[in-house]
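Residue numbering begins at 1 within each chain, and the chains themselves are lettered A, B, C, D, E and F in the order written.
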Amino acid sequence: MTAKIELSARAVAGPGTHVEAVTSTMGPASIESHYDEALSVPGILAAVRAHPADGTVIACFGDPGLEAARELADGPVVGIAEAAMHAAALLGRGFSVVTTLDRTRGRAWDLAGRYVAAGVCRGVHACDIPVLELDRDPTVTDRVVAVARAALAADSSDVIVLGCAGMADLPAVVSKRVGVPVVDGVAAATLLVQSLVTLGLSTSKHGEFAPPPPKRYTGLIG
Amino acid sequence: MTAKIELSARAVAGPGTHVEAVTSTMGPASIESHYDEALSVPGILAAVRAHPADGTVIACFGDPGLEAARELADGPVVGIAEAAMHAAALLGRGFSVVTTLDRTRGRAWDLAGRYVAAGVCRGVHACDIPVLELDRDPTVTDRVVAVARAALAADSSDVIVLGCAGMADLPAVVSKRVGVPVVDGVAAATLLVQSLVTLGLSTSKHGEFAPPPPKRYTGLIG
Amino acid sequence: MTAKIELSARAVAGPGTHVEAVTSTMGPASIESHYDEALSVPGILAAVRAHPADGTVIACFGDPGLEAARELADGPVVGIAEAAMHAAALLGRGFSVVTTLDRTRGRAWDLAGRYVAAGVCRGVHACDIPVLELDRDPTVTDRVVAVARAALAADSSDVIVLGCAGMADLPAVVSKRVGVPVVDGVAAATLLVQSLVTLGLSTSKHGEFAPPPPKRYTGLIG
Amino acid sequence: MTAKIELSARAVAGPGTHVEAVTSTMGPASIESHYDEALSVPGILAAVRAHPADGTVIACFGDPGLEAARELADGPVVGIAEAAMHAAALLGRGFSVVTTLDRTRGRAWDLAGRYVAAGVCRGVHACDIPVLELDRDPTVTDRVVAVARAALAADSSDVIVLGCAGMADLPAVVSKRVGVPVVDGVAAATLLVQSLVTLGLSTSKHGEFAPPPPKRYTGLIG
Amino acid sequence: MTAKIELSARAVAGPGTHVEAVTSTMGPASIESHYDEALSVPGILAAVRAHPADGTVIACFGDPGLEAARELADGPVVGIAEAAMHAAALLGRGFSVVTTLDRTRGRAWDLAGRYVAAGVCRGVHACDIPVLELDRDPTVTDRVVAVARAALAADSSDVIVLGCAGMADLPAVVSKRVGVPVVDGVAAATLLVQSLVTLGLSTSKHGEFAPPPPKRYTGLIG
Amino acid sequence: MTAKIELSARAVAGPGTHVEAVTSTMGPASIESHYDEALSVPGILAAVRAHPADGTVIACFGDPGLEAARELADGPVVGIAEAAMHAAALLGRGFSVVTTLDRTRGRAWDLAGRYVAAGVCRGVHACDIPVLELDRDPTVTDRVVAVARAALAADSSDVIVLGCAGMADLPAVVSKRVGVPVVDGVAAATLLVQSLVTLGLSTSKHGEFAPPPPKRYTGLIG
């Protein structure tokens, strides 16, 4: 999956942009619960510290550790849910999210509440495909297409957001079959970070996202 | 600080309730940034798993790991910001939060957005006291009183919420001096969890908060 | 119905708590319209004045007279819709209300807008059972169960709130059959008031809920 | 005060409109608390029943009993806060309310939340004048003008709403001195009801505002 | 269509009110897209300048040019969507809009967000009838009735707003068949403007709606 | 000003991106009122039709004609207020807008309500500099810096958005002096459109933003 994500990012990055995909060395094999997400964060933050960069993308649709990463990194940090929802908001009246498991829908709604104005995210719909099946199950595209079509009708929406980094290879084919723009957050976030770097913009260090105060840590992480 | 918190909880718990305060064995010495909070969560969740109970309170005002803990625990789980804001909403037209450092204000606003209706949380104000100074600095009470008074006037509020578990010994004295109800989340959460247990109520396992699916973990935590 | 409510409250009250259920001596036989609710309020407020207590529960799901009662009473006052919605918000991602008549749904939505954050109350559903039939109609449980199941599916909710004091005997049986937490406001409010008293907290008298200014009254009430 | 209100209504009513001002025979001498408001409602509803009309105005800025009156009356019913806020929303970017006592500000905010879109009511400001002083205190106009000016600056508003039926004689003079439109709800509501009658429109009886179901009443009212 | 609109306005205007319907001499034949609406605005504003009046109604449900017209005109200016939604909000718990083409629904939602409190506009439904067919198609009434009935059920609403000036002849017949109040904006706006004039109220010139600063214009309009 | 805007866009565009700045041939010399904005739109839309491009930026902070342009253009269309607010939302907890004249503040608030989640735009502040003075007045930078500093303090914000295309040369110098990220919409929109083109994404033609239906036009525009 890391390879697929890297490919998706490199396909859109500008000629002067070097893309490096880093897999966290610590955490769950996939993120499908609040527990998984919580345990993924220390590994993500360790990777952010170990790989300083002009800009950083967090490539999981739950945007785990985004705020803490903004405190740690000098350059801009963008989550893929954040990037996908921002892009989708520019493309139509309202979008529907198509995600993996039903239990992750609450998190997607929470993020939509943070990233876009009320009414722009119209619905969050699950395909009932576990994350690690995305690469193995040959019916994935058909199922995403079916759920996307149903979502557009049910939500009166006109744009689809793919709700998992593991769907980074799907936007073109789904868009062609469904007939509306389909946004993948990995590519969108890559260009958003690249743009912020070009603009010379990064996280404000005036207040909440200043570097975290040094602290004594107990146990294995920190 | 753990002792102070335990004392505050025991002081209000009913005769049939056994209170055990557990200090996480993993994480930062105090929580004053998104980074601190993120790194505190694995230790909190490990403690939740290691100490099964009829009900659980997470005693940090950022309510770190609350949703993941709800997935893990059989009994109800309540955060102290959640409990304090719920209680404050029953006592007046609107409350102000008095917290430690300015940089933690954003998190308090986020939680208010989740826990209470719009307009109920009127303001979040910092005392500029680091968490670990709360127990050492003799001027803490005076400063909390001063900030609380200013907050009531600026926010047209009529209740104060103390925004740190380390302030659990202050509500009575601050209330007396300021003249409005002052809510500490530790005591409030203790009684809220006790009440939910008495009512036979616990986290719904129908959907988002079902036990997390078993997963292979890499690295040191999980 | 008063007996059933008293039973429900006593079943959860702590050993040191004395529960007294008071039936208003003035007002409609049941509350199923804004008119009924308006006419119930003077009787409720007279009862609040005639029965000073450490804390008060208003046991009608419309929470009639709640704000005026807070002005009158020294101790905390909690409505059962307020208590039930607060408790339900701690137990899942979102709740559905199951109430009696369709025409009372608007009031339930109004209260939800006051008590919980946007999106937490997911739907309000009527069983089409008049309040006074709740005690006589043997099909009540089946109908509440059917409406609750339909509500969970339609609303993507994971908790049920019972929207009438006359349903105070139903939560356990409905929860068992439906498979999610079911909250009755009478028991929840009893423990919430008991908790506030234990915490030494009561309505702020700093402003809106100060005792009402003395006034000359015309006519039969006042 | 009833005479002043009647005068204000008659001054704007069309040639074919008969205005009758009715003083409730039951209730407090003025409405300055939730308790006063609650006790005023039965008298108001009795007057609505005793004085059937093509349309009805409830002439207290708290709009007491409005929803119940809509159930009772065949014709349209409009509250003066409702009418004033509706009119003010047509006249500028945002309005400020100037009301009597500080403790009534919460109710005004609640009504604004019901009547106008978010952001349209910019502030609610008290003159600290008891209702019954409005007719006696020669400094009333000056004080209303001063509070209105301060409100326009503090709220970035461009319209003033007078928050008490007892201010029905003030809009012209205050507007002249302050330089923005000043709305009195009594006149506004009179014309709004007259307009609805002309349009052949009245409260929907399809659902919530259908006539209240007949009911057995206990005690003195009903 | 202008004749029908004029008739509708005259039918409700008071004896002292002179109604003049003006057709813009510049713009699209009907307004069914954002593009149509944008191109209609200069003609509308030219008409506002060429026809000074005590008060002005903009008789297109998109309320095109409303804010600019408020800057230009001395008297009050009301849009028909604005007037219809304001009136509908006084008549029930929530309204549904029945409009012409599906693609105009977004604009109606935007206006509802500006004019009424959240939750009052419950749905916007299209009849799939182009504006210019309204006068020619004998099935219009039947189709509006069918869509209105479906909307009331789907939205739990109790009032209908007609979403096109070209439906100004329909409210009585649709209301009779559907059984709820049906609001046409043309008549409602006429009376609203007449009322504001009677009240001596007009757009605040204190700030945003002051006359536009004189400006050099290029090209054909200005 | 067009030259300055073009420079700002070219400075950030990628090597494969050709930037062409087009001045509308029809409309007001600057946009400082709703009237100016309304009259600018036909010229903007004519330019969009006359200059087909892979993607389009509308370079006025009021985003005039944005929705109509989305109907007309095949490629993505982004407004500079939209782009600046999206970028600012990625850089901190909340932003303040610094704009030209006080009377344009309302429009900026409206756009913020559409583009970002509630609470992200913290304030809109005017420098009292007419648009055409921006290029002539040597005190502009000092005044923008002063207003920005005051805004950060008053709004508890941590990012500044410049609210006029004519400020496109200011972000670097203002940021250096004020100490927080400062976003200019011209550069931000250029990169946002470039990114959407790279992603193969454009406005959804499924519904509201489909090409406008052909129409007969009267008068000089269309």
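Following the convention adopted for this analysis, a contact is a pair of C-beta atoms (placed from the backbone, for glycine too) under 8 Å apart; a residue touches a chain by one contact, two chains touch by 3 or more.
Remember, it's a predicted structure, so these values are computed and weren't measured experimentally.
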{"item": "Third chains touching both chain E and chain A", "value": "C, F"}
{"item": "Contacts common to chain B and chain D (chain labels)", "value": "C, F"}
{"item": "Equivalent of C-D within the choices A-E, A-B or B-D, defined by over half of its residue contact pairs recurring", "value": "A-B"}
{"item": "Pair of chains joined by more contacts [C-beta pairs], A-F or A-C", "value": "A-F"}
{"item": "Whole-Å separation of chain centres (CA-atom averages), chain D against chain E", "value": "26"}
{"item": "Whole-Å separation of chain centres (CA-atom averages), chain C against chain E", "value": "42"}
{"item": "Numbers and ranges of chain F residues touching at least 2 other chains", "value": "93, 105-106, 113, 156, 207-209"}
{"item": "Arrangement of touching chains [line / ring / star / complete / other]", "value": "other"}
{"item": "Contacting chain pairs - touch in the sense defined above", "value": "A-B, A-C, A-E, A-F, B-C, B-D, B-F, C-D, C-E, D-E, D-F, E-F"}
{"item": "Complex interface listing, chain F residues touching chain A", "value": "12, 14-15, 76, 78, 82, 86-87, 89-93, 113-118, 152, 156, 158-159, 172, 179-181, 183, 187-188, 191-192, 194-196, 198-204, 206-209"}
{"item": "Chain E residues touching chain F - in the complex, by the definition given at the top", "value": "24-30, 32-39, 41-43, 45, 65, 67-68, 70-72, 102-103, 105-106, 113, 130, 207-210, 212-213, 215-222"}
{"item": "In the complex with chain A, residue positions of chain E that touch it", "value": "105-106, 109, 113"}
{"item": "Chain D-touching residues of chain B, taken from the complex the two chains share", "value": "93, 119, 156"}
